[in-house]
Structure formats: structure tokens, C-alpha cells
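The structures come next, written out as C-alpha cells.
Shared chain: chain A. Partners: chain B in the first complex, chain C in the second.
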Partner chain A sequence: MKGQISYVMKPMTMIAVIILLVFLLQSLYLNRGKETQAEKKLDIVGTGTNILLILANSKDCLAYDYQQTMEKANILDAAKLDSFSNDYQAVEPECARNYDFGWRAEVKEIGESGIENEWTFGTGDFSSGKSLNNEVNFWIPVAIRYSENDIRLGKMDIRLVDGELEKLAGFLDWSCKMGQINRMTSSSTDIRTSYPVTYNSQENKICVGDSCRKLQCRLRYFDGFDSDGIHTLNVEFKQPDILLVGG
Partner chain B sequence: MKGSTVLSENILMGMSAVISFILIILVVRMVLTQQTERTYQNLFESIARDISLIIDRQASMSSSEKREYELPKGVHADVRIDYKYVFVTYDDKTVSKSYSGITNSPQAYEFSEPRILCFVKNQNTIQVFDKPCIEVQ
Partner chain C sequence: MKGQTLEMLGFLILSVTVIGIIIFMRTYLAGSYGNTLLSLTERQETEGMRSGLNTILQTTDPKTGRKMEELIGISSYTEKVKKGDKIDFGPGIGEVDILTMLEERFNGIYGEGKWYLKVPPADKFFTQIVIVVDTSASLCDDVDNIKSSLPKIIQDLSEEYDITATIYMLPGADSSCCKKTGYGGYDLTCDLFEGKLTDNLQCMSINSLDCVGNMLPQNEEDWGRGLGCIIQKGPPQGWNEKSTKIGIILSDELSGGNDDSGEELYYNMASLEIGKKKAEEIGMYVFPIKTETGRKICPGCDCPNYPECSCAPNICVYYQNQQYPVFSKIQCKMDGILYSQMKRIAEPTEGDVYELSGSGEATKSILEIIKRVEAEEREKRSIKLGIPPPKNKKINTETLTIPIPLIGKYTNIYLYQWS
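Let's look at the complex of A and B:
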């Protein structure tokens, strides 16, 4: 009888130990995954807040340039809003661009009868479906200054997206910019995509699945990726706005 | 069976206990090593994140200011503040964090194992020095 119990118990003990170890490892990796997600969330929330504040308060962006010692916060220049709205309909303004994310901002002037004026700028399209990792929406109250005596109430919204299209186009645009300012002529990265990647050379747009973004530099020797997965990109900048792309 | 050793059940049990113990030690060691490496990397990512945050906060200010950042004591890393990215290099690895503002600096800032960094926002320019702000004119 004793031998029979021992015969059953030993494999069961072994299985129990293996299950325990698997459970231990799984819980550790699960926690690590949660930690990574929390870090990414922190990055996107922090970036969203910073971009709004930079847009509203940097003189390179929309801030009204007071020629006084005393500075005021969140006062936008109506003339700069008109200019941004005209110039940045497919790409984010450089003064607040982040090459890891994509964003679009909307400024609304609020009067007694509701929304009286509206400006939008930033990228036109975002990652979608499986290629979208995360997105946040924020807003802040602003004042819109038309003239010395004409300052009106408004709000500025931003939609900030973390996705594969933003990462891919961000890398290509950053490499282009680094070449144009003579900081770096070649760079490389590994990019993961959940859909095939295509490049439209006529419109100079890169697409991940159905989502597309206009690029700063024109690409040479790049037809896209036929399949999803991890792809290695090596790029070399050529003046004035060419990126030679190799796999 | 003359000349051959017969393993008793007790010896087998002892051997299996020792092997199990070694296996558990190896698994725990592997997990702890990975965790330590991850924590170590997190430290440098935090440094890069802190620097990016300072640059963005200064870029979003309309006034001038100085801000000091002291790297954690005992940490040896090189810092490069380039266009829109902060790179922190430790051992043979590099971590990076992006920032959104612009420094309007004509070149990248590179510091070898800095202890302290001083960020000076003046008009639309952000300058970085590897000395206490009190020593920066």
C-alpha cells in the first residue's frame, strides 16, 4: 500500500513543482508587462501635457510675444494660429513635434453664442487597428489675442497617438532633419509593423495598412514591406532632401 | 550483479532532491538577474526621461530660468542631448527618450559622466552646462 501511494505521489509532486515554477515565472513576466505598459502610459501622458504647454507658451509656437518683462501664460496669438492652420495641415509644427508620437491640435474660440472660430493643425492621419498602441486626448483653457484690446476665451484640444505609423514616419523624418542640420548623415533602427508598409513616391507618403503620413524627405530604393513583422531600416541622408533606404 | 552498484530508493530520492534544488536555484537566479538588469536599465531610462522633461518644461516657459539636475550618486553614464532626443550611454548600452520642445542650440551637448547638469533658458534658447547653476554666468 505504501509503495502504491509513493508511486502516485512522486509524479504528482513533480507536476505540482513544475506548475508552481511556471506560475511564478508567468506572474513575474506579467508584472514586467504591466510595468512596461505603465511606463508607456506615463510617457504619452507626459508628452501630451508638455506639447500643449509648449504650443501655448513657447514663442516659437503660438504664444503671443509680449515685449514686456512680465510674461503671461496660455495667451495665443491669433495671427500665429492662422499661420499654423495654413502651414501645418499634414505634419506637426517643428516647435512642438515629437518624433515618437503623432498629434493633431484644435483651437476653438468660445463666445457667447458658442464656438465662434476654429483652427486645426498637426498630422492628418493616425495609426489604426492593430498598429495603434495608445492614444490620449487633453485640453487646456487658453486666451486668444487678436490685438491689444481684443482678447477672447478659448480652449485647445490635442489628440496624441502612439502607433507604428508615427514611429516609422518619426524615424524617417528625424533622420531627414538630422541630415539637414548637419548632425548625422546615417542612422538605423528596427521597426515593428502589424500591417504591410507601402510608399507613395508621387505624394511622398508612407502608409502602414490604410493609415498614411506625409514625409519630410523623399525616399530612394524603398518600395515598402510586403508583410508585417520586425524590419530593419538603414537610412543615409543626401542633400537637400533625399533619404537612401536599405534593409 | 557482482561488481555493479545498486542504487537504493533513498539515494535516488536524495539525488532527485539535489537536482530539484539546483534547478530551482538556477531558475530563481535567472529571474533575479533579469530583474536586476531591468531595474538597472530603468535607472538610466529615468535619467533620460528627467532630462527630457526639464527641456520640455523650459521650452514651455515664456520667461528665463535656470534649473539644476543632479544625477544619482554612483551612477556612471554619458549624456548626449541631441535634436529632439536625449541619449544616455552606460556600459555598452544606450537608452533614449524623445522631447518635444526645441533648444535652438547649434550643436548637440555631450557630457562624459556628468555629476550635475544646469539647464539655462534664456529667450528662446536652452543651454546645458555640466556644472552647478551657481557657477554658470
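Let's look at the complex of A and C:
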């Protein structure tokens, strides 16, 4: 009888241990996924906050440049807003460029009758559908300075997107920038796309599916990718603004 | 059997370990990113609120071209503290409703019903206090208490407030019941305060004011008329239109004195009306202090006659641990009428009646009155916009100091915001 019990118990214990270990591995896998998601969310929120603060407080961006008086936070120069609105309709301004995410900002002047003036700048298009990983929207209050005696209330909204188009264009723009400042002439990366990639050399735009972004450098020897999947990109910079692309 | 038990035990240990690892990973690994994200979000909320306040204060008004922080300072100083109060900036600019404009801007940034702003006045509490003292013998203990404690209190308060207090003694009566040390007596006059008076605390005989006609107090208990006379003539420094005026009455009898009939008579009412009318005219808070009438010591107002004092026939009052018969039974029984009379002058002037139960409480009550009026005045003169913060929400708060250009001082802005 004793021997019979042992004969049954051993395989049962073995099965239980296997189930337990499978559960442990699955848990490890799920946990890592959650961890990565939380990390990504944290990354995008932190980046969005930084971009808004840079836009509002850097003199290279929109902050009013006080020559003599004490500097105050979040006071935007109305003239700079006009200029940003004209110059950066398809790309983010260089002063607050981020090579991992794409963004578009909207500054609204709030008056007695509601929104009295509006400026927008930043990229014109974002990843969509399967190529969109994450996006956040938030805003900060700003003051818009027309003159010393005319400072009005406003809000600056930002839409920040993490997607395949932003990653791809970000890599190409970053390589271009590194080349222009003589820091690095060649680089490579693996890019995953959910849609085919096309390049419009006329407008110097790269597209993932239907979403397109303007690039800083012009691409040579690149016709895009006909299918989705993981693609390897090798790029080499040539002055003044050419990237030679190889697979 | 032993082998099976060990097998089971091994499996149990393995299970506990695996479950422990899973719990640890869920709690500490992914949780740490979650917590960082939460604290980042909270920080964003707080910084967003702070930045909103800063931004609004930096914006200008289109009519005057002045910044909001400057306009709030002007609003606070000029005591235009309610929405709709307009400040005249002179020809060319005209009137500006600062607080309505400010409210619109806060609504624009934080949303309607999601914020509350409070700006207390910047200047010191400026008060002029007059204390009318009934000089009948039954007030000996209370005057003694004022003499020994009030000078120091006024001196201490003068460091924090802009304060002056003047004690006015009603026309004196024979107060021979007031004994210094067992035998002999003294009258209740300003002589008692000799050496204790300062620029902030003075004492005057009400007769020295030379009030005439119906303003002239008729006796040592005529506090209604006495108050009217003081208001008409003003304290030694004169009335200042920006001061908060406080009138304190110290008595245990009806204004004009109690009558043996036990009723409130016409002359009592007339005296009270004079004081009340004058106090209302000048916007004075009136706080009558009802000193011990004997009711609390002898609730039945039926104390034995005490032969040693000439103020007989009276009930018992304690002074310097001895029993002195300075109140008639009628006076004791008029306690309730006195309270209602005092209420009739206190209520319309936003004051209150203080009832003393012992001789050491007069000064304490005066201090309480000053503190209470100060708090009420600060509340009245504070700018309050938005709706008070709800209790069931997480409230973000921010305090910011702003200048008041007209007087070169600063005040704080308190902002409460929730989502």
C-alpha cells in the first residue's frame, strides 16, 4: 500500500512542479511587459513635460527675452509665436526637437470672449493605426507678451506621439544633425514598421503607411520598404544635407 | 510515509518560494515605475497650478496696462474686496472691476468651481478702542483687574497691531466699598491708573469731554449716553476713518442705573438708544461686558445682609476673598433684563455680550474681544474668489507673496485648486 501511494505521488508532484514553473515563467514574461509599458509611459510623460517647459522658458524657443528685468516663468513672446507659426508648420522647432517622439503644440490666447488668438507649430502628421504606440496630451498656462503693458493669458497644449514614423524620421534627422555638427558621420539601427515605408524625394518626406513627416536631410539610395517588419538602416552623412541610406 | 511527507514538504517550500518571487516582482519591479509615474503626475499637477498662478499674475489689464499682481495689491489696499467693486483709475482709464477680471482668468486656467483664492489685507490691524466703565462700587474688582493686567496686554498687542485704547470713567460715585487693604476706600477714577498709562493706553474722566444736552451722562451707570458722548467727542487722537472702532462697556446695571421697581424704564431705554445710534453712525463694534451681578454667586438673589458695608441692603459679592454686600436683591434680579439690554446694543453693531463670572475675567474678555474683531475684520477685508475648497477632494495649495505698491508692503495670495 505504501509503495502504491509513492508510485502515485511522485508523478503528481512532478506535474505540480512543472505547472508551477510554467506559471512562474509566464508571470516573469507578463511582468516584464508591464514594466516596459510603465517605463515607456513614464518616458513619454517626462519628455512632454520637458518639451513644454523648454518651449515656454528657453529664450531660443518662445520665452520673452527680458534684457534688464528679472526673468519670469512661462512668458511667451507674441512675435516669436508668429514666427514659429510661420516657420514650423511641418517640423518641430530645433530648440525643442526630440528624436524619439513627434509633437505639435497649440498656443491659445484666452480673452473675455473665449479664445481670441491661436498659434500652432510642430509636425503636421503622426503615426496612426498599428504604427502608433502611445500618445499623450497636456497643457500649461502661459502669458503672452505683446508689449510691456500688454501681457495676455494663454494656454499651451502639446500632443506628443510615440510611433514608428516618429522613430524612423527621428533616427534619420538625428543622423543628419550629428553629421552637420561633425559628431558622427555614419550610424545604423533596426526599425520595426507595421506598414510599408515610402520616401517622397520631391517633398523630402518619409511615410509609414499614410502618415508622412518632412526630413531635415535629403535621402539618397532609399526607395522605402515594400513590406512591414523589422528593417536595418545604415546611413552615412554627406555635406551639406545628404544621407546615404543602405539596407 | 516519512519520504512522502518530505516530498510534500519540498513541494510546499517550492510553491511558497515561487509565489513569493511573483509577488515581489509585481510589487517592486513594475510597481516602481508606476509609483514614479504617479509622483511625476502629482508633481505636474502642483507645478501646473503654481505656473498658472504665476502666469495670471503676470498678465496685464487692457485698460490700465498694469499687471494683475499689482492690481490685486491695489484692490486689497483700497478694500475693494468683492466682485463688482470698481476702482476708479481717473480720466482716460475710468473704472476697473479687477476681481471680476481676475475670476475670468482663473476660470480660464483652472476651470469654473475648481479653485479658491484668498488675499488677506497687508496692513496691520488698526483699531481704536474706547472702554466705558461704570464707576459704581460693585465694579471695584473689575477695575482692579483692568488696572493690573490691561496695560501689559495693550503694550504687547501694540507690537502686532496699530492699537490705541482709552478708558473712560463715568461720573464717579462714592465707592467706599472698594477697599485697598481691609479698611478705608477709594473712588473709581483715572488716578488708579497712575504710572500705568502710555501713548497706547490712556484714561479720561468722561466729564472732561464736556458733553452737553442729552449726551451728558447722568450718573455712574449711564454707559449708553457715555458711549454716545465719547463717540461724539472722539478719543484723544481723534477718530481715524480707516480704523476699526471698538466700544467696550463694563457694567452690572442697566444703562442709567437700575430702578427699585425692577423694570427697565424710559430713561434706561433712552440712554441705550443714544449709545446705539452713535455707534451705528460711526460703524463701531460694541461689546458690553456684563460684570458679576450677584446672580452667579447667589442664584436665588437671596444673600444675607452684611452689616460692615454702607452700601446696604445688598447681596454678596466677593472682593479680595471677602464677601461684600454691594448689590441689592433687585439688582441681582435684573440680571436678565440687563443681558437683554446689552444684547440690544451689541447685535446691531456686530458686537456681542460677554458675561463675567469672576473678578479676574474683565481683561481676559477685553483681549478676546480685540482678537475676535481682528479676525472678523481680516476676514471682511480679505479678497475671496472662487468657491471654498470641498472636503472630499485632494487640494493643491500655493502661497505667493505680492507687493502692494501704494504702501510699499507685501501680502500673501493663497490659492487652493482641485480637479
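Going forward, the second predicted complex is superposed on the first by the 230 of 247 C-alpha atoms of A that agree within 3 Å, B and C clash if a C-alpha of one lies under 4 Å from a C-alpha of the other, contacts with A are read in each partner's own complex, and residues count from 1 in each chain.
By definition in this document, a contact is a pair of C-beta atoms (placed from the backbone, for glycine too) under 8 Å apart; a residue touches a chain by one contact, two chains touch by 3 or more.
Given the structure is predicted, the values throughout are model-derived calculations rather than measurements.
*Asks:* Please indicate which partner A:73 is in contact with in the superposed arrangement: first for chain B, second for chain C, both, or neither.
*Replies:* A:73: touches chain B and chain C.
*Asks:* Which holds for A:177: it touches chain B only (first), chain C only (second), both, or neither?
*Replies:* Touch status of A:177: first partner only.
*Asks:* For A:27, using the defined touch cut-off, is the partner it touches chain B, chain C, both, or neither? Pick first, second, both or neither.
*Replies:* A:27 contacts chain C only, not chain B.
*Asks:* Kindly classify A:54 by the partners it touches after superposition: chain B alone (first), chain C alone (second), both, or neither?
*Replies:* first
*Asks:* For A:238 in the superposed arrangement: first (chain B), second (chain C), both or neither?
*Replies:* Neither partner.
*Asks:* Please indicate which partner A:63 is in contact with in the superposed arrangement: first for chain B, second for chain C, both, or neither.
*Replies:* first
*Asks:* Scan A:143 for contacts with chain B and chain C and give back first, second, both or neither.
*Replies:* In the superposition, A:143 touches chain C alone.
*Asks:* Can A:94 be said to touch chain B (first), chain C (second), both, or neither?
*Replies:* Only chain B; A:94 stays clear of chain C.
*Asks:* Once the shared chain is lined up, is A:17 touching chain B (first), chain C (second), both, or neither of them?
*Replies:* The answer is both, since A:17 touches chain B and chain C.
*Asks:* Across the two complexes, what residues of chain A are contacted by chain B and by chain C?
*Replies:* Common to the two interfaces on chain A: residues 17, 21, 24, 28, 39, 46, 72-73.
*Asks:* Hey, which residues of chain B end up touching chain A in the complex?
*Replies:* 20, 24, 27, 31, 35, 38, 45, 49, 53, 56-57, 59-63, 82-85, 97-102, 104, 107-108, 124
*Asks:* In their shared complex, at which residues does chain A touch chain B?
*Replies:* 17, 21, 24-25, 28, 32, 39, 43, 46-47, 50-51, 53-54, 56-60, 63, 66, 71-73, 94-101, 174, 177-178, 181, 183-184
*Asks:* Note which residues of chain C are touching chain A in the complex, please.
*Replies:* 1, 3-4, 7-8, 11, 14-15, 18, 21-22, 25-26, 29-30, 33-34, 36-37, 40-41, 44, 48, 51-52, 54-56, 58-60, 62, 65-67, 104-105, 108-109
*Asks:* What part of chain A is in contact with chain C in the complex they form?
*Replies:* Of all residues in chain A, those touching chain C are 2, 5-6, 9-10, 13, 16-17, 20-21, 23-24, 27-28, 31, 34-35, 38-39, 41-42, 45-46, 49, 72-75, 110, 112, 138, 140-143, 148-153, 155.
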